[in-house]
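Everything on this sheet refers to the single structure shown next.
First chain written, first letter: the chains are A, B, C, D and E, and each begins at residue 1.
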């Protein structure tokens, strides 16, 4: 079977779903955060694929920005997680339930 | 089957496999393992990028993502000295519903993708090399402004990281 | 408002308003000055009496109307209107005349009471209301004053409101009257709807020579009946219905069976009040009203009058029987009043408003006399009202005794006292209408009347004093006894002065009466209808004989031995009060209880609190979603995304 | 500021003034309040005196009109439009008098006076403004403006253990009613095609092009039940006794007396004339709901042990007469209904004022604990007796005139209902009113009340005023009816100009609505 | 390319940089003055915006990625005003930070810049980047009180869920780009007009929906509302205030652009979805707030409900609805900021966020009590305050659509239910202020001059919008002219 846009997109969608699954199921904040990176990467893959099949570099530009933004986000996020860990000695989401109802 | 197609299947398989191992690794619950598999996923994806002629992005993917971002992750894991995630009670209901939701999303996305209305150019010739992207970025106004905003964003991230992680003054 | 130029109208208005002004003046300004309050009140009614005499003397027989536009909305045109015709002029005299005596008498009787001024204010208010009924020229106005009479009697009966019995009696009187008024106003509404007016003259004019125009009632009544069923909308039924509804008003005010229960209780008021309200005026209002609207009752095809006659007769009999076994002097008089009112109503029912009015007039005089006499006795015996604790008063209170005895004779219907003539007129009208059962009933009641009155007189006045109070009794002061003497005059003479002929001008009958002068009138009953007269007298004799056999020189009641259970029933008023109490508690009170329960538990509880509770429950349940757990949140977020995507992709675009 | 706007803007201005006075100048605060309400009352009386029945264009006098919001792009045009005709004239005058009386009785308030008087003045201004407005937006706006102080006053200065519940209940009930009515009013705005909230313009537009039956059948019930809830139409009435029982005296007086009439006024002013066909289908139902008020709530009142609850229920019962009168669509009945509105305003204010005074003196309103008070407090007692008698429809008081007119006017339309209503008016009403008098005032004197003092001369003023008003209108009803009648006649002309010959049957309505639904474009 | 159009944003960014740099030269005790400086700067920018632009014509810059029209300008001023008030509040609040007062001000300014860019976004890339600027800034702002574990927890929750929503947003953008080949709103609209088949592509629909998810997250609309209560509760109060006004409005303006500029021809397909979301959001917010005792959390739920009311204006998809949304937002700005200002002061005094800490407020500070009462009354939608007229316009727009489709009447009914429930808890707050028992501490609360000023501005704003809506409504109508909507 000839590999087309659909195939790339399917991979991207499956990766996206894998990431989402990680966010939902894992309980370590760091792993959750990694899963979120997976989701972003899935989007990146879709964008690159579209970019190629649309004869248009805009998608790739978008990926460029997403990677940058993701890096910034990761920096802040990790700092936050570190700060929280210092406070609670845990990176486990089930310990993060003082705010509820 | 041509070589690019074989390579696609190879990289796709690796991407998904490593991705799956990031999320759920039957052998290790250690975050370090997840991080390492994430690096591998990213590398495999860089292969897909190459197949899609996005050479610059493939490089960035490995340099920035696998090289910098993931190092940050590993650094934090080491810093926090995270041990293997201790086993807690498995919430079967949560797993089932969560998996259900994700499967639902997967179904919907797949259904959309295979809906058969993708406009595929017959013979696309887009080369995403450094020069092309550089020209794009610095000649077209529409990318200039986001570029500048991202700089502010990076500043904010810097300030934020410093604020959040500097030693408490007392 | 433009008053008619008629002097008579203005004078009548003055008569009407004087007591009101007195009442207002006393309430607002001179409450502290008791003496002046009394004088003001008495002065107002005295002036009213004088002016009434003037009106009586100087106006002809032609009806005079004075109208002030009071309310005029659409078809409803109500005037504050006065009507001066023989009927109202006669009533004017009765009300102001008897009222004056009672006012004067009250000065003595109420001496030293804490609320002396309030008493006179209420009395004046009552007089005003009663005059209003008398003078009203339309049904609406009559209803207005009708209600005012009700409320002023409420105030007067409850004058000693600290006494539980008085407070209860006042309430009972008002409420019972209200039941009657309920029918009355419905009757007025139907009349207005059918005939388009509430003015007596206009109503009479509208009815002249025509059948009752029911068309406008047919449809609405059909609505109630669920379709125009013949028995509801048949003209005769409608005419009867309207008549009976109006009669309900009279039932209440004139204490006709079954609304008679309030009158005996009303004796809780001061005795002059009983004399004024529950003997001479207020209770007579019902009879007066029936005479006023007689033309509405005698519409061809209407059966209202028959019903009225039998209600009247029944009330008369029932009350007379109940009077047999009462021991409270005022209660005996109260039942007697009931009985006499039954007579009057029966007279109306017998197509003879003339004789009803006649009896009303004479009755007003002698019953007022009797009540005031009883008051004098009670006053003398330090508010002892039980006749068995009296006795021997004839010597201690000569003036009271004489006048009381005259009153009794008049009530019993002994020739030549006034009562004889009026009662005879009623009996005669029964014969004229060939209503033998009612005639017999009337005669029998006359006998009963004599019996219980003789019992009263023999027990209370004759024999020996049976209590400390009675033995120390003295004649009452002049301010109380002089009114007795004055009232004794009409008690003796009113029968033959031609009152019936005077009223007769308004109610032409097949036997036109003519006023032949005092002497001729004195013997007219015997010429006119010898049967009636002689049977009446015979009943009196029989009644007295039995009474004297039982009650001369005795200190206990021997009647119960003779008639057994009937006596107990009579004493206990045939258990009407208990029956009503039971009935009200199973109907209205139960309904109230149910309504209250529904309100509390179903509407306010189940529905309102239920909605409130459910909402809050929803809130409490819904926020459980906010578990605080990041994983749950992520799941919910993802589920939300899936939901939104599925909704739009699967449900909204079927074209796909 | 014209005469009419001055009547309700004065209290609002005074509210601002009071806000600026330091809180320890209690006397000044009170003085300003009294001054403003007196002035407003005198102005209202002047208005009443100046009003004559001479016909004018549109039927409204003392008209004042300014633009307020006019955004053509949204077809939004809301103008400030004031005016009086016979119907709201009486309500405004009554409201102004009751407001003054309410200000008088407010001496019972002993804490947070500044806030209290501010709210009282806002409430007064809102109430009077609502009745003076001829623009439905401001009509609603002012009503809501008056409602909020009501809620807060009950909550802050209210009485009893149920206060909190009562506050929330009244808040939510009344807001529900107001919102439903608002829905109706907006729908009217849109469906009339006139794109205006102005009553006069709407009337003109509807006269030129009656609303389609489907629209009427939709909007009228919204207005009926929206307004109905505000007026405690059975079975949406339970807020009223509870709320009034808990409310501070002045609030109960103003709300039960005046503000509550808003719904009735709205129904009469908007609902009936603009939607005759919609109304026709509902009026019969309304008539039967009236019985819920008159008979059922009367019966409930009979069972009350607390005077305020009794009065509250009786006030609910009285609303039934007004509804009945309106439902009859007869000149006599509707005029009578308007008279009852005014009369009940005075009466409710009087009874709540008296019960407040009684509570202030004895500390309780439980009738079993009271008794034999007439001797100690002759003035208050006598006034209470008069109020109770007025409440059971005694001639001489204005209530009688109105209720009698209602009964006269509605028998033809609803014979059975009217008959039962008469029962409620004459008998049930008398039963509970007299019971109250009997239990509170009559009977043996009790030792614990021996030291009770009657009202002082100043404290008598509001009661004398209210009683005088009731008596004046009772003795001389033409003062009102002559002014009301022409305005009611105008409304009835519209109300009776149905497009169909007779009332549409429910099935017709259903069909019309169904067709309209089908016609309606499906989602874009 | 007309780069001068971004002068306002530029000024704000520069202001933020100045604050950051100036921190270096300012002694710790004087750092508050930096806050006032920032306030002043924002005020100047706001003032300048009225001279620099009038918004009557639509100006483009940066390859049509940036648009400056009435709508953008309206929202820029809105954000500036919000930031101004929030900065005032933050200045008062900054005593509670161990360190980084100046950074707090600077971050608020950077978030403001992000919001202002968002107001002008005419391109998915700009949309994404400006939204990320806002979000990332808020990660820091939310967790600013890093000694309080609640603050950090809120930060992490916001971080994870925010990143999740970003993931969906990005994927959505990717799908839209894939389907249409463009990222520019105008081009997308043109393509949709020229190629009707494009509108039926599930790929495009899915993309739009995923973007909607991202924006719904910002607005806290059901089913993406779940973060709001926790984050509102845990954040420092000025952050919460800015979050509930600024961040929400950013979502609103972007959604408006998306529906009104990018996909005007497709927007009607979303009608039912938006209706359902509006109804669910109103009910969820209102119901969950009933048993709530924590003030900030209560306002969190209330903010969800408000998002529902805003969605009403989107669901009707016409100018009446959109202008009503703007009007409602304007009223919401003053109302919510007044509420949060009071809460900030009270919480600082009482040390607890429970409703009971309001007990006796009427005695302790009449100004605070009055402000909070007015805010609650306005939120409840009662005249004569701003909230009333805003809700009135929204409800009117909904009922007007009812003529077309009766389902809108049900939507209205839901809104009414929501309003009623909300009355219950808003009045609970008023009750706590005035007549709750057990007020132990009755000492007066000192209110600083800037706070007084802020409250006064809010009160005047509430009354102004409630009593004299003509001008403001005219502005809103002008603003939505930029959108391709039916009248």
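Here is the rule we go by: a residue touches a chain if its C-beta (ideal position, glycine included) is under 8 Å from a C-beta of that chain, and two chains touch if they have at least 3 such contacts.
Just so you know, these numbers come straight off a predicted model, no measurement behind them.
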Minimum number of chain-to-chain touching steps separating chain A from chain D: 2
Most widely separated chain from chain C, with each centre as the mean of CA atoms: B
Separation of chain B from chain D, taking each centre as the mean of its C-alpha atoms, in whole Å: 68
Whole-Å gap between the CA centroids of chain A and chain E: 26
Chain B-chain E separation of Cα centroids, rounded to whole Å: 31
Length of the line joining the C-alpha centres of chain B and chain C, rounded to whole Å: 100
Per-residue overlap in chain B, given as positions that touch at least 2 other chains: 94, 98, 101-102, 105, 108-109, 111-113, 115, 118-119, 143, 146, 150, 153, 156-157, 160, 164
Residues of chain A engaged with two or more neighbouring chains: 5, 9, 16, 19-20, 23-25, 27, 29, 32-33, 49, 51, 53-54, 56, 58, 61, 65, 69, 72-73, 76, 80-81, 83, 94, 96, 98-100
Sequence positions of chain E contacting 2 or more other chains: 125, 128-129, 132, 136, 139-140, 143, 146, 156-157, 160, 164, 175, 178, 181, 183, 200, 202, 205-206, 229-230, 272
Pairwise chain contacts, counting only pairs that touch as defined: A-B, A-C, A-E, B-C, B-E, C-D, C-E, D-E
Residues of chain E defined as touching chain A within the complex: 124-125, 128-129, 132, 136, 139-140, 143, 146, 149-150, 152-157, 159-160, 163-164, 166-167, 170-171, 173-175, 177-178, 181-183, 229-230, 233-234
Chain D residues touching chain E - in the complex, by the definition given at the top: 23, 68-71, 73-76, 112, 115, 141-142, 144-145, 147-148, 151-152, 155-156, 164, 167-168, 171-172, 175-176, 179-180, 182-183, 186-187, 189-191, 218, 517, 520-524
Chain C residues within the chain E interface of the complex: 615-616, 618-620, 622-623, 625-626, 628, 630, 633-634, 636-641, 643-645, 647-649, 652-653, 655-656
Chain C contact footprint on chain D (complex, rising order): 169, 235, 237-238, 242, 296-297, 299-300, 302-304, 330-332, 335-336, 372, 374-375, 389, 394-396, 400-401, 404-405, 407-409, 411-416, 418-419, 422-423, 426-428, 430-431, 434-435, 437-438, 441-445, 476-478, 481-482, 484-485
In the complex, chain A residues that touch chain B: 1-11, 13-22, 24-28, 30-31, 33-35, 37-38, 41, 44-45, 48-49, 51-58, 60-61, 63-65, 67-76, 78-83, 85, 91-92, 94
